[in-house]
Structure formats: C-alpha cells, structure tokens
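Each of the next two complexes has chain A plus one more chain, namely chain B in the first and chain C in the second.
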Partner chain A sequence: MSTSVAMQKNHKTHSRWFRWRFHLSGLLILIPVVLTPFYIELMSLFGGANGLGERVVGTQQVGPWTITLAEQFERGPKLDGPAGYMKTFNGALCQECAEQVKAVYMRLGKPRSLRTAGVIGFGSPYHMTFSMPVPENSASDADLWLTLEGWDGALHHAQWSLAEASPATVQFLQQLQEK
Partner chain B sequence: MNPNIEAKAPRKRTQWWFLLHSWLAMPIWLFLFFVCLTGTIATVSQEIIWLFDSSVRANPPADAGKMLSFDEVIEVIERDAPGAYVEKITRPVKSQFALTAEISYPDSTSENVFINPYTGEIQGRAASGFNFRQFVRAIHGWLLIPFNTGFTRYSLGWYMVSILGIPLLLSLITGLVVYKKFWRGFLQPRLRFNRGARVFWGDFHRLAGIWSIPFIFIISVTSIWFLIQGLLFEAGVPFNGVSQAPVYVARDEIPTSEQGRPPLLSADQAIAQVNALYDNVEAQVLHLPSTAFGHYRILGRSQAFPLVHESFLVNPYSGAIDEAMRVTDQPGLMLTRLSMRALHTGDFVGLTLKLVYFLFGVLLTMMVFSGMRIWTTRTFKSTKAAIRQKTARANLAGDPT
Partner chain C sequence: MLNSVYRRVALVTLVAAWSQVALAHFPFVECTKETPDIVCLGGFSDGSSAQGVTIDLISYDEEIIASKTFDDHSRVQFEPYDGEFYILLDAGPGHTVEVDWNEISAR
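Here is the complex of A and B:
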C-alpha cells in the first residue's frame, strides 16, 4: 500500500513537471527584469544626466582655454572587432571657449605633429566623445595627450598621466602584458 | 491489397505536420509571447507617450499657420538657453507630434526639448538617455542585454530574440499545410463562443492565423534578417556605404578665423542647397555638424520608396553637397537593412499603419497564447496516441507471425 502511495506521488510530481516545463521559457523574462536598473543607469550615463562620465578625471587650463576630462566608464579598454581595443573618454570645454576651439584631439603618447594628434572629439563641445585606440603594447606609464586647436590656428596641449586619466586602463595593460 | 493503407498514408503525413506545428512554439511559447507583446507595445510606444504627455503633441493653435523652419527652432533654443548646443532636430512624420530637439548644455547634461511646431513654445523637456520608447524597444529587441560585451559585438539578447523568427515562419508554413483549404476561412469565418474554451481558442487560432498571413510573414522574415544582420556585423561586413570611409570636410576647405567659429551656413540654407539640386526631398531630421570637419546631415523619407531614408551631407562652409544617398545610391545591403527595419516596425506611413501593426501585433500575441491553450488540451493527447500507434505498428511489422 505504501508503495502505491509513493508511486502515485511520484506520478503526480512527474506530471506537474511535465506540464510546467513548457512554461520554463518564461524564465527568460527575468533577464530584462534584472537588467532594468542597469539599463536605466547606463542610459542616464549616455544622456549626460550623471555628468560628463562615470569618473571625472579633472580640469586643466590649456592656454587660454579650460577642458574637463572624464572616463565614460571606469573600466579598461574594450575590444571593438577589427579596430582593436578602444577606450572612451568624454571632454567638456568651458562655455566661453566653446566657440574659440575648432577641434580637440586625443592620443596615448606625445604627438609629433597635428597630423598625428590622434582621434577627434565628436559632438557637443560640452560633451565631446573620444574613442581612443589603445594598442596592446602601449606603455602603462604613457601620458594621455590632448591637442586643442583654435579657429585661429593656435595649438595648445594638455596632458594627463594614464594612471591619473584611467587607472583601469593601466591595470588592463599590465595584465595584458604579463601574459 | 488493403485499400485502407493508401488512404491512411496522407493522413499520417498530415498528422506529423500537425505535430510539428504543435511542437514548434510550445517549448518557447512564454518567451515568444513576451517578445510579441513587447513588440506590439513598441509599435505604438510613441503614441502611448502622446496619450499620457501633452507636451509631445503638436497642439496646433486656432490660427495654425506655417510650421517653424529649422532655423527658427534653433533661435527658440538660443533664446531659451543661450550657449546651448543643438545636436539634432526631428520633425515627426506624423503631424500629431511636436518637434524634438536634442540639446547639450554647458554643464554637460543633455535634454530632448519638445517644441510646438506652430508657435515655437517649448512644451516640455525630458532628460535624454532613458525614455519609455527606447526602453520598450530595448526590451523587445535585445532584452536589455548590453552590446559589445566582448563575447559578441551585438547584444546576446539580439540573437535570442531574432532567432524566434525561424519557429515563427515555420509555424506559419506548417499551420497553412495542416489547415486544409484555409482560404474557406475567409469566406466562412467561424468563431464559436458557446462550445467551450478549447473550441473557441481553436477557432480563434485559425481565424486570426489566416488573416495574419502577410503580417506573420513580414515579421518572421524581417526577424530572420535581423539575425543575419547581426551575424554579418560580427563577420565585419560593412553596411554603411560603398566606401565605408566616412566623409569629412578637407582641412584646407575650412576657413581660419581670429574671432572664433567662422560663420556657417544656417540649417535652412543647407536644406535649400539640397532642395535646389534634388527633387522631392522633405527634410525630416537634421543633424548639426558634430566636429569642425563635419557636415550638416539631412534625412528625408524617399517619396518613391518610403521604406528608406535618403541622406545628404552638406558642407557647412561652402554649401557643397559632399554626399547624396538617394534610394538608388544605397548599396543593396544598406537598402535591405533599412527596408527590413521599416517593414518590421511599420513606422513609414503614419499613424494608420502603426495602428494596423498594433492590431495584428495583438492578434499574433493572442495566437501564441491560444496555441498554448490548444496544445495543453489537445496535442499532449494526440502525441501520446501517435507514438502509441507507431509503436504498435512497429511491433506488428516486427512480429514474424
């Protein structure tokens, strides 16, 4: 008798499992539910609601102008397909100098000329985006060089050590080069 | 010898088609249901915002005259927030909506500003970044899973969703195979309410199915294209043009100036340049130059082939049109990409088409649900029966006596 009860019970759980397993794909709905706060955070970061970026590096006086630099994310560079590793910084010019500065360029290491000044900052002068390539063999004690070009042709440089600008990138390079 | 055998063979085949149809969506039905539901909401997400937020409506005054030009929009913003930088202005396809301008402020924040297209009144603002429309799209399109996480360049969710196009298309095909003479359903629609849930959902599933043939076909094929598009992107196949090289204004074409930024062409002048050279271009979206080497980018929906946008790059210093991408200039892959997207979302005609898409979206979502209902009450039994029959036949055939 006890065995038949056990069998019945076993049969019950089996059939419940049999029915419910076809609704299991609904568990995938948990993915967007769990990710919603992260998505909101990410969007406000892109929209500038949280300021210039996840981590503000600092503000420098560059010739007659001032520029503020921030890391988009407090993370190492990201592999972007054939383009290699890319690191995103954001920059903001002061309101008075926005009309004076023609372009801002950024590169890792000292540029030899304007032609090699690096990637150009895109977008609003108050929220320029720099997508900077980080070669795998970059020295982790390199400097981040910004070149500001005025509409009058004047050139001014600003520089931050990579350790100041992005500790996460330094860590990333050290780990990459240890391997 | 036995006449029954010949008659039974096609029935058996239909039975297996039927089982295939029944099993295609069942193991994933709830996920498919979710994707269909969010997709249906996404089609009308802009209209939902319109219902709840009066600031995004066009609100024409009694003496509604001409709509604001792009230059006038920029003036409105300059008056409201001196020094603010306008990145993009969108004139909606649908006349019910306000103009939207994306503005960046000196404190590095940015906003979408909704402007009355007739009076120039700033009706509302929303922090750029998170908004309901993008949120629903992101849930539907990639389950909010971030892009380029290192594993794939597109979001992993993109693939999880778009792969559903395959069972959807197969469900349509197998459904039409097993629904004998389905065209009769158009002439003699049958929806029985008084015969219990199983009969009702069965009738509903068939009736909604035949009326949705074109819609399901469009949605499933475009979804499969999204899957292919993702895979092509992973493989590094370019989409954006023949050359892939972005077009910039040459350094020696840019005037130097001791007094800061040299005078640029105004937005309206740039659009006038395009209209002077090309017929039938109605500027809907205007991107302002994003660097000193950038162009005005003007987008307008093609009159001849409304599934795609045509784009023009106007040199802000000389007024020259440095790139014109009319329908015929688009490379095939880009044309496919744009058309597939427009077909999937239904946003290329106006409100009417959106509502049609919404209606069929609701039907499709309910078909997934009704399919599950039918399955739980019927397919389970018939699968068991079919397997039992097959085993019995096999036993019979294997039996030498």
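Here is the complex of A and C:
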C-alpha cells in the first residue's frame, strides 16, 4: 500500500516537472525577441541602411574624385590570428566617380608603390569595406593613406591622420605599447 | 519533393559555411635571419598555405633583387642582401604584406 502511495507521489512530482518544463521551454521564444533588434541594427550597419559606419570620419577630394570614410565600429582593431590586428573602415565614392575608379587601397603609412598600396576595398563603390592590418609597433601619429586607381591608370592619394580616422585605434596602440 | 527541399537546405548550409571561409583570409609572413640566409614563412589567417604565392626581396630604390614563390612547406629562402630592403608577399592586388629589413630578427 505504502509503495503505491509513494509511486503516485513520485508520478505527480514528475508530471508537474514535465508540465513546468514544457511551459519553461516557451521562454525560449524570448531569446530571438530580445536579440532580433540588435541583429537587425547590426545587419543594417553592414548593409549600409544605418549609414556608412558607426562613426563618419569625413569626406576628401582626391584628384577629380571624392571619397567618404567611416569607421565600421568605433573601437580598436581586432586580432585575426597570425595575420595580426585588423581595423575595419568603410568607404563610399561619389556617384559620378564610382564608374571611373578601378580600385581603392588603404594602408597605415605612405605606400612605396602601387603593389604596396595596402588592402583593397571590396563591395559596392558606395559601401566598400577595408580590413586594414595594424602592426603592433605602429606609431600612434601615423597617417592613413588611401590610393585611388582610375581605369585610365591615374593614381591619386588621400590621407587622414590616424588620430582623426580612428581615435579608438590610437588609444588601443598606446595601451598595447605601454605594456 | 522532400528530396528537393533537403537539397535546397544542404545548398544554403554549404553556401553559408563557405562564405565564412571566404570572409577571413588575410595573408601573413614572418621572416627570420638564419646563417646566412633569410627564411620566411607565409600563410593566410584561415590556416591555408601560401604555396606558390610570389614573394619578392626589393631594395629601397624599388629594384627587385630576388623573386621567389613559397615552397610546399609555405617557406622561402633568400640569400642575404647588403643594404636596405623589404620583403613583399604578393598574393594579388590588395593582398600584400611587407616585412622591413629592420623587422627581421636573428633566430
């Protein structure tokens, strides 16, 4: 008799737990509900719907062309394995020059030649992405150099001081070099 | 009908997986001075080898002193050069890495 009562109790506890477990699983729906706005905001930043980047650096006249530069995220470079630290910028060419520019390159410091002009911007001419390597020993007063190559072979340069282009990267380098 | 759905799901999954691989693909090169040669080890941040990729030793006046490609072990060896130079891994436009002569340490 007592064994049967104990079994019934055990069964009740189990069924209550199973019922609650079922209701708790409903809470899982809250995860996408909470995270979706962040995801949409992030995707609109990558796609350009939220502007060129988190922080617009400025616009410069480069020879006959105009380019606007922005930091994708207003923070220091991220480590990418053996390739070192990478900082991501976005760039946009003016509407009338988009068809005249063949490629845009970016690097820290003055390029020695076109071969060493730096990383190439990829994506639409109105939303190019540059993942630029930032060597650990980079001077915090270094300049960011952009090289624009036209379909006619013309080369034009634009430069921004790193402090102007990305204060977060300057701060990151100072902290790294203090260690 | 079900097969076609499975095929589509598999295709989307594969495309998504490969797009991740294509995203992070930055070249790197590390050079050390071994007696007497300069030995460089190259590769890409996704772990792939630099086998067959061009690497040049260039003087500061832009003269190409030696032009080689990475071997099966993603390594390359240069004879020592007296003067200021830099080593350039060139995996195509916008996929280059430079190592300056004064960044090459003895092993």
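The rule is short, and it goes like this: the second predicted complex is superposed on the first by the 142 of 179 C-alpha atoms of A that agree within 3 Å, B and C clash if a C-alpha of one lies under 4 Å from a C-alpha of the other, contacts with A are read in each partner's own complex, and residues count from 1 in each chain.
Just so we're on the same page, contacts are C-beta pairs under 8 Å (C-beta built on N, C-alpha and C of every residue); 3 or more make two chains touch, one makes a residue touch a chain.
Bear in mind the structure is a predicted one, so any value in this text is a computation, not a measurement.
In the superposition on chain A, A:P133 contacts chain C only, with no contact to chain B. By the touch criterion defined above, A:G48 reaches chain B but does not reach chain C. Counting the residues of chain A that each partner touches, chain B and chain C differ, and the larger count belongs to B. When the two complexes are overlaid on their common chain A, residue A:W20 makes contact with neither chain B nor chain C.
Shared-chain residue A:S124: touches chain B; no touch with chain C. Once chain A of one complex is fitted onto chain A of the other, the partner contacts of A:T116 are limited to chain C, with no touch recorded for chain B.
Of the two partner chains, chain B is the only one that A:A98 touches; chain C does not reach it. Residues common to the contacts of chain A with chain B and with chain C across the two structures: 80-82, 103, 120-122. Per the touch definition, chain A reaches chain C in the complex via residues 80-84, 86, 103, 105, 112-113, 115-122, 131, 133. Listing the residues of chain A that touch chain B in their complex gives 19, 21-26, 28-29, 31-32, 35-36, 38-40, 42-49, 51-52, 68, 78-82, 90, 92, 94-95, 98-100, 102-103, 120-127, 151-153.
Of all the residues in chain B, the ones that touch chain A in their complex are 26-32, 34, 83, 85, 87, 104-110, 127-130, 134-135, 138-139, 143-146, 148, 150, 153, 157, 160, 236, 254, 256-262, 290-293, 372, 375-376.
Those residues of chain C lying in contact with chain A across their complex are 24, 26-28, 30, 43-45, 47, 62, 86, 88, 90, 93-98.
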